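A, B and C are the chain letters, set down in written order, and residue numbers restart from 1 in every chain.
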Amino acid sequence: MTAALATSDLSIRFGAFEAVRQVSLAIRPGARHALIGPNGAGKTTLVNALTGSLKPTAGRIMLAGEDATHLSEAQRVHKGLVRTFQINQLFANLSVLDNVWLAVLERNRRTGIFWRSARADRAALDEARACLEFVHLLPLADQLVATLPYGSRRLLEIALAMAARPSVLVLDEPAAGVPAADSEAIFERIHALPDSLTLVFIEHDMRLVFRFAERITVLVAGQVLTEGTPADIAANPQVREVYLGRRGAHA
Amino acid sequence: MSNVIAIIMDGVAYGMLLFLSAVGLSVTLGLMRFINLAHGAFAMGGGYLAVVLVDAGLPFLLSLPIVFLAIGAAGIAIERAGIRHLYRRTALEQVLFSIGLALALGALANLVFGPQQQAIQIPSLLSGRVTVLGLEIARYRLFLIGMGAATAITLVCLFEYTLFGARIRAAVDNRRAAEGIGIQVERLFAVTFGLGAGLAGLGGALSVEMLGLDPAFALKYLTILLMVVAIGGAGSIAGSLQAALVLGTVDALFKYFLPEAGGFVIFGLLVAVLLVRPSGLRGRAA
Amino acid sequence: MTLLKDSGLAVGPGMRLPISGATTLLFAALIASGFLFPNHFALATQILVLMIFALSYDLLQGHAGIVSLGHAVFLGLGAYSSAILARAGLTDPLLGLAVGAAVPALIALVLSPIVVRGNDFTRLLVTLGVASLVYEAANRLRDLTGGADGLSDFEVAPLLGLFAFDFEGRTGFIYALATFFLVYLALWRVTNSPFGMALRGIRENARRMPAIGSPVARHLAVAYLLSGAVAGIAGALLAQTSRFASLDMLGFERSAEIVMVVTLGGNGHLAGVGIGAAAFGVVKDALSTVSPRYWQLGLGIVLMASVFLARGGIGGIIERLSRRRQP
């Protein structure tokens, strides 16, 4: 079966520092795949290269069997590869609804239209509302993002990504900075995403990783240490060593 | 052949003037991330001050250090009063403030000195020509080249080998970390800004003889000063020197051999460099 | 602030006209000015040209977030294109307007790859450098542009074949007024279109835009092109109504002036920019004839102060007032 997302010997170097070293991954369609590793392991750098905001120094990125290495970030989005950000990247002075609406219009490639009113596109508005409904933000649709509680903004991150109708969704610490109770709610929504969607996520909270992931890749110092099922990873002595036996705590 | 060398000397002298006037702009952009479109006004201020001092009977050479200190002090005052509040503002707000400052200072010069060109009396020691290795060279050009070279060496030593320079480099690299280790970044910015302004003032004082001086000076030379920074890279002293010398020489050569090409070559050069290296030839991203 | 303000007048499903209080006032004042000051048609026309030019630059700076120090290039290109066309015997004013828009749009298309990339500083430099280049070119191509003397030996045919351009400038004023209304409505539509939304997105968070699939560079290039075309319309209008095209129309001072006008009027606020440009034109005419030096000094001081005092400009004040009225 063709992997939904794959890399071969992917390396990213900043000057003399090699942040990601010859990483080869293959993520099957519909997977729930976690990327874990201590701080500075190169996880976010890897995500940036996967989604195209960073050029890899060497190696290739394949999206559903097609070479995506040289596609721009926006082109990859239109091919179904979409991400969220560890630090919120929202349109703070727009309403919650307008944030998602804009994403829907970009997905539809409607934003080249400058001669018609945006309001005329009712279908796009309805779709934006549906995205907000999914993350339970519809009641806040008219509020400015700048006035939104932090946890709701994390959910809006996901709604923005969903508006792009991804086939592969990369979530960079979706619950970063959120209190434990709220992070449960966020992962509950992630769990409710359609099974056909391929999910790759970075997460530090091992409880969440072991509950939601079907496969786990452990990244250490820019390299893949090991990959396997949660049971494999839990039993791996090397992984235990990396995390100094502090499994279950914040790594 | 000797003709060509004389033109190149002219270009190098012009380049040194550009370097003196632009190096402060480069450092303020690299260090403070401040786009100062009024930097040419400091040069203009230096020019007028020198004219006034020499007219009052002060020897030209003695007026130079006074201009440097006075314009430097004025620079620090302006930095403290206005510019320091704009470091974290948008490029547009910096542009507006500094264009406003340049306009106001130009108008002020016009009100005080009138729209006419100013002349300055330079000592006989610096006027006339001197024969070096069989070549006739204007003494003033040699003087400019000497001043520029001395300033460049002093600045490089200051930045590379002194504690002050180390602090500036640390603050350029990572402002927060520099503050964390106890560097008083605010004061450092003020002093650096003053140094840049003082050097521009010095450059302006030296320019009067070669380029003339009128109230439009600040805006007339703004474009080429910005080009020095763009090509040399923001925050780089050696880059500014190289860029200034290249621009000065290219400008002089084309003005002589291909006057029809006029400004085209210089502006074409700018656009070409920015296409290939958006952060300048030696610069870090601004 | 929501993306689309509902301050418009609904005229049927999905259609709205941009008739907010400020806009109504602006339009009424413009029409009234023609009756109130029948001896000042030439000045009123020049101010309308400034207003159109300001609206064009607002699309670039206020909506697309690109600061340019060379926008007058498009004004000048529009003026020269229509003047050169008229000299060649094609004197129809509307044709001149169309060509005056097309030529700058074409130049903007060529320039957009270098303007769109890069940070604020390189954009300032590139626009300034290109402006200097075009200025030099216009200065050298004497046969085409008349060099420093400019072009004045051309005729303009009657508008629509009916209304001759009279000596008092009445036709010119009405022509400029009609053009202003059409440009205003067109730009209102552009800023409230899906494309206009994308521009807001870019200003709000340029980092996020590619991650929702937005071709950011293309959006900015289109904004640059549209803005260049509208500036060209202003330039063509200026050349036709004043029978003159000259170097100062593409000079640095015009470019710097329009940055100020748009910022003082209020970035991204069409009515504010329109009112700001009108006020600027009136005050400039009144003061610069008294003393150009004091005008420049005052302008400089106002600019410096505006950065600290009047953030949001006139448009910002209008917003605050209308928000207070309907909480």
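The criterion applied here is as follows: a contact is a pair of C-beta atoms (placed from the backbone, for glycine too) under 8 Å apart; a residue touches a chain by one contact, two chains touch by 3 or more.
The model shown is predicted, which means the values in this text are computed figures rather than measured ones.
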Identity of the chain that, by mean CA position, is farthest from chain B: A
Geometric centre: closest chain by C-alpha means: C
Separation of mean Cα positions, chain B and chain A [Å, integer]: 48
Centroid distance [mean C-alpha coordinates] between chain C and chain B, Å: 34
For chain A paired with chain C, centre-to-centre distance based on mean C-alpha positions, whole Å: 42
Complex interface listing, chain B residues touching chain C: 29, 35, 82, 85-86, 89-93, 95-97, 99-108, 110-111, 219, 223, 226-227, 230, 234, 260, 262-264, 267-268, 270-271, 274-275, 278-279, 285-286
Touching residues on chain A, where the partner in the complex is chain C: 51-53, 72-74, 77-78, 82-83, 85, 89-95, 98, 101-103, 105-107, 110-121, 142, 144, 160-161, 163-164
In the complex, chain C residues that touch chain A: 1-4, 14-16, 189-190, 192-198, 200-201, 204-205, 207-216, 218-219, 222, 226
Residues of chain C that touch chain B when the two form their complex: 61, 67, 69, 114, 117-122, 124-126, 128-130, 132-133, 136-137, 140, 252, 256, 259-260, 263, 267, 293-294, 296-297, 299-304, 306-308
